[in-house]
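Scrolling down, you'll hit the structures one after another.
Look at the two complexes coming up: chain A is in both, with chain B in one and chain C in the other.
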Partner chain A sequence: MKLLTANFLSCAVKACKSSPLSFPLHFKDAELASKSVPYNPVLLSNLLPRLDWPALVTSSKELGFALPDSKPDVARISTPSAASSPSDGDDTAMSMGATDEDEKTLRMLHKVLMETEVVEGKMVCGSCGFEYGIHQTVANFLLPSHLGTLSYHDRLRDTGLRYFAEDSRTCEFKI
Partner chain B sequence: MSRPEDNLPPDLYYNDTESRKYTTSSRVQSIQATMTNRALELLDLTTSSFILDIGCGSGLSGEILSEAEPPHTWIGVDISPSMLAVALDREVDGDLLLGDMGQGLPFRAGSFDAAISISAIQWLCNEDEKGVDPKTRLSRFFDSLYACLKRDGKAVCQFYPRDDKQRDMICSAAIKAGFGAGLLEDDPETKNKKLYLVLTVGGEGNKDITGVVQGMDGVDVFDNRKKLMEKAKKDAKKGTKAWIMKKKEQERKKGKIVKADSKYTGRKRGIKF
Partner chain C sequence: MVETEETLSPVCDLPAPMKEYIIHFAQVHETFRKPELESLATLFNIEYKLLYYSDKTAFARIALKSNVDARKLISRSILTKDIYELWGSGYTYESLHADIRKRTSHLWHLYKDPSFKFLFKSFNGNRPESDKRKLIESFSYLGFDGPIRMKNPEELFVVMEDYEARSIEDPSRFAALNLDFEEIAATPSCNPTHLPEPHQLYLGRLIGTSNRDAIEVYDLKKRNYIGTTSMDAELSLVTANMALVSTGKLAYDPFVGTGSFAVACAHFGGVTFGSDIDGRMIRGNRPGKDLRSNFEQYGIMDRYGDMFVSDLTNSPLGRFGSQEGERSEQIFDAIICDPPYGVREGLKVLGSRDPLRPKVPIMKDGVAQHTLKDFIPPKRPYSFDKMLDDIMNFSSTHLVPGGRLCIWLPTADEDTHEFSIPTHKNLKLESVCIQNFNKWARRLLTYTRTSDDHSESITGEKLESGTTLDIGSAEEKFSRTADALNPFRRKYFEGFKTPPSEEP
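== the complex of A and B ==
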């Protein structure tokens, strides 16, 4: 479960749809890891307007790090056309016309949203109290009716796969 | 040929063995890649986008999104733990959720630029283990998909209906949810024929679904606005005052003598004993 995903998930229980307490879901007993993924400043600047910043601040706090109180301001950048794109494969936002300051912000967002993962833990609905388990980074959103017949944890364990077990650690962000 | 959909629920069909077999088959890999690329072409995204992959499985479709030019970021939802375990094993870039699309997608409104679903939604034509019927599951799915896409968002679902009845059931559920819908068929009349349901959320400049698929071969356009107009016409239902007035008007035009209109026209009469 990445922080990116958590910023768009709300409780799946029908009765919670209209409750403001069902978003964001609250992290509990979270074990963090970082996973490196390609940096995509264009995507980040596209996403920024859609992010619920207060929710992201809440999630971050629950995971033990702090973000600025208000949403940073970054000018929208777009994909450079083939002609103007730098030949050396430089994918920094600056090469796409972003300022030094914006570049810093985007790198920070990348780290927080894309590279920070909850490997094990729970997400809890503030409205109905339902706990969504997170196991090997995968959150289980099957509603209880389904859990009765399927044991997801047992079956995932049966596959014998272990992820991030070694490199799990608590992340520290200083921004 | 027997379809997996006709025998087992998806999470049991895609068990550890089947999930590995599926993912390592080079034939499957190449078919899924071709279809995902086609879906991307239909989405026509001009910039790096945030995409939902429904029934993402082991990530064969999602990988194409990560590797596209421009590259996209995706979230995958699947009901099979074994398929997701294979996806983790292959270290895909997308974030993964275990979930049943037939229960509705748990995202807040306007989350995604686009959605794809490759070879998955026909599974919704089965009851789930609790005996919830396909119509309910289809409408939960499409309603929630409609809500979690941005106002100018698009979705492309490649699917394998068992027959025309299933195809129509799926399409009409999408239209009912509010989507503009077009159906595209590649390689029609062959055993490789592929169906793509192209869905648009009515935003500015995106109102006309016909523009998305028009001019493509074998395109059949389902336009919900047409449907809505038909519905409005039908709303002058038999027995209502509007219907009676219309009928009377028609009869009058034919030169027939009809009763004068009154405030009692079309009212229910008391039951006579």
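== the complex of A and C ==
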């Protein structure tokens, strides 16, 4: 789980969809890893407008990173080949047009957004307190049945329809 | 290469700045070719006019504003090979030469000195090398004095030959081609099903090449981690093109599996996210064999967003703007998916099989079971049509305006009345492409998220005559077998047989 991703996720429980407390999810017992990833300033400058900055600051703090309080202002970098398949590792060509200050900001964003990952740990909803586990960097948002698919079940109950349990084995069929 | 934007002799119905080009397509996945080109033109904001296109031939004529546009349009295309500036066209070599003189004689001096090479590209036919050499010599009036270089010439001129099928039955067509049917029937040709002489000729100057070599790079055979249902490299890349994925755009695959689409989106620069209901697919079966290892193999880790375990009907995607305090669900520029057909893997969604089960945590030895690390939530079988509903609604919710949904759907082709193209008020259908297999087919549907909002969801639209499958039929709700919930799966195991009553 990256900070980048956490910036787009809130609690999966239906009842929390109306509570602002469910975003961002709070990291708990996070075990971090940092992996070197190719620096891609064009991608970062495109990503920046999409980020919810205050939420990113909150999440970063939980993982021990300090970010400026307001969203840095970086001009969109575009290269002639920006929209075509990017050439890998061609740092110098891709950074053209960015000032030193921009460069510094983008390097910092690169480290926080792209290189840092929570390998093991939990993400906790500030509204209902549900804890989502993170295992081998993969977060699990599946809900136990008492929290998930409420509406569908309720609908079935309303219509008074019943399922037949004996068919269950057929459904597991695999080839 | 000589850079000139000098216009050729004007072609009658083209507005002034437009020039004619020839696109050489790969003769595969024909129904995908035009939609891919349209998508790329949209992505790069290129004005174009398709002058001639047919699924039956590899050569298409297109009008574009400049060589720059031409090069860009083709640069990341998967289903085309190259694009050429049109120097002339004709039914015979005589008319081809005449057309070249008429169109390009004022340009010849520009190519007097650069090194060059002539090449043949024949479609549905061929001729001996000695004939080719003779024909190339017939172009000597162009007066190119530069060295002929077989490797990396500055200018590449290509003679394109298109051989028509012998099966054409239209006498007026034969007359137009100046052919005698009797004579043709008696003449041998290298391709027995096609005419011995080409019916259409072009001369073109190479302007740009496509991204078709990426197919080789992402070949599944050489990929570190794949599964039984991994989409092949070619169609994954085409799908990413249709979804307009580009640098820094956010792409998402809700059925990511082993990440074929994720890798393709990353190839084109998109930051890719994916989720699957089965975390084992993402994590892989042994160390070094997981979804991430594919990104490492291709050196595209800078575009690896994240993978997580989630279910479409209870997705964690969405957030509250910290400033506005309002919930925003629109996140992705592209949603790409090949939903499970339910043949190999069976369709599942979270939930208990028993709808009457009380909504309380399951306790065992005083511990709520769902808090245990190895807890596997219960899953219940899922109707394919219900899943489609969910995907359409999900995409309408999570795509930004102008964002694209690309979805692959299987169909047992014979019974067209069972397939209806899903529609959604907020999703505009862009294209339907078909890949035919022997007994079944799959379709790639591409939609664009509209900028206006309608809260209403799906209505079924009929593809062809017949009755639309009633998605919410009582029968579906009552029956719980995988076959009853999934007509395609049932057909698959029945061997796509026609019911006896429908046989002639």
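Just so it is clear, the second predicted complex is superposed on the first by the 130 of 175 C-alpha atoms of A that agree within 3 Å, B and C clash if a C-alpha of one lies under 4 Å from a C-alpha of the other, contacts with A are read in each partner's own complex, and residues count from 1 in each chain.
Keep this in mind: a contact is a pair of C-beta atoms (placed from the backbone, for glycine too) under 8 Å apart; a residue touches a chain by one contact, two chains touch by 3 or more.
Bear in mind that the values here come from a model prediction, so they are computed numbers and not experimental data.
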Touched partner set for A:L143, first chain B, second chain C, both or neither: both
Partner, of chain C and chain B, that touches more residues belonging to chain A: C
Partner chain(s) touched by A:A66 [first = chain B, second = chain C, both, neither]: neither
Touched partner set for A:P20, first chain B, second chain C, both or neither: second
Which superposed partner A:M1 touches (first chain B, second chain C, both, neither): both
Contacts of A:L9 with chain B and chain C, given as first, second, both or neither: both
First (chain B), second (chain C), both or neither touched by A:P38: both
Touched partner set for A:N46, first chain B, second chain C, both or neither: both
Where chain A meets both chain C and chain B, residue numbers: 1-2, 4-5, 8-12, 14, 23, 37-38, 40, 42-43, 46-47, 50, 52, 114, 136-143, 145-146, 149-150, 152, 156, 159, 161, 163
Of all residues in chain A, those that touch chain C in their complex: 1-2, 4-5, 7-14, 17-18, 20, 22-25, 35, 37-40, 42-47, 50, 52-55, 82-86, 88-89, 114, 131-133, 135-150, 152-153, 156-157, 159, 161-165, 167-168, 170-175
Chain A-facing residues of chain B, complex: 11, 16, 46-50, 66, 70-73, 75, 77, 79, 81-82, 84-85, 88-89, 93, 95-100, 103-104, 106-108, 110-113, 128-130, 148, 150
Residues on chain A engaged by chain B in the complex (per definition of touch): 1-2, 4-5, 8-12, 14, 23, 37-38, 40, 42-43, 46-47, 50, 52, 78-79, 114, 117, 136-143, 145-146, 149-150, 152, 155-156, 158-159, 161, 163
List of chain C residues in touch with chain A within their complex: 43-44, 72, 75-76, 211, 214, 246-250, 267-269, 271, 273, 275, 277, 279, 282-283, 292, 299-311, 313-323, 325, 327, 331, 343-346, 349-362, 369-371, 373, 375, 377-378, 381, 474, 477-483
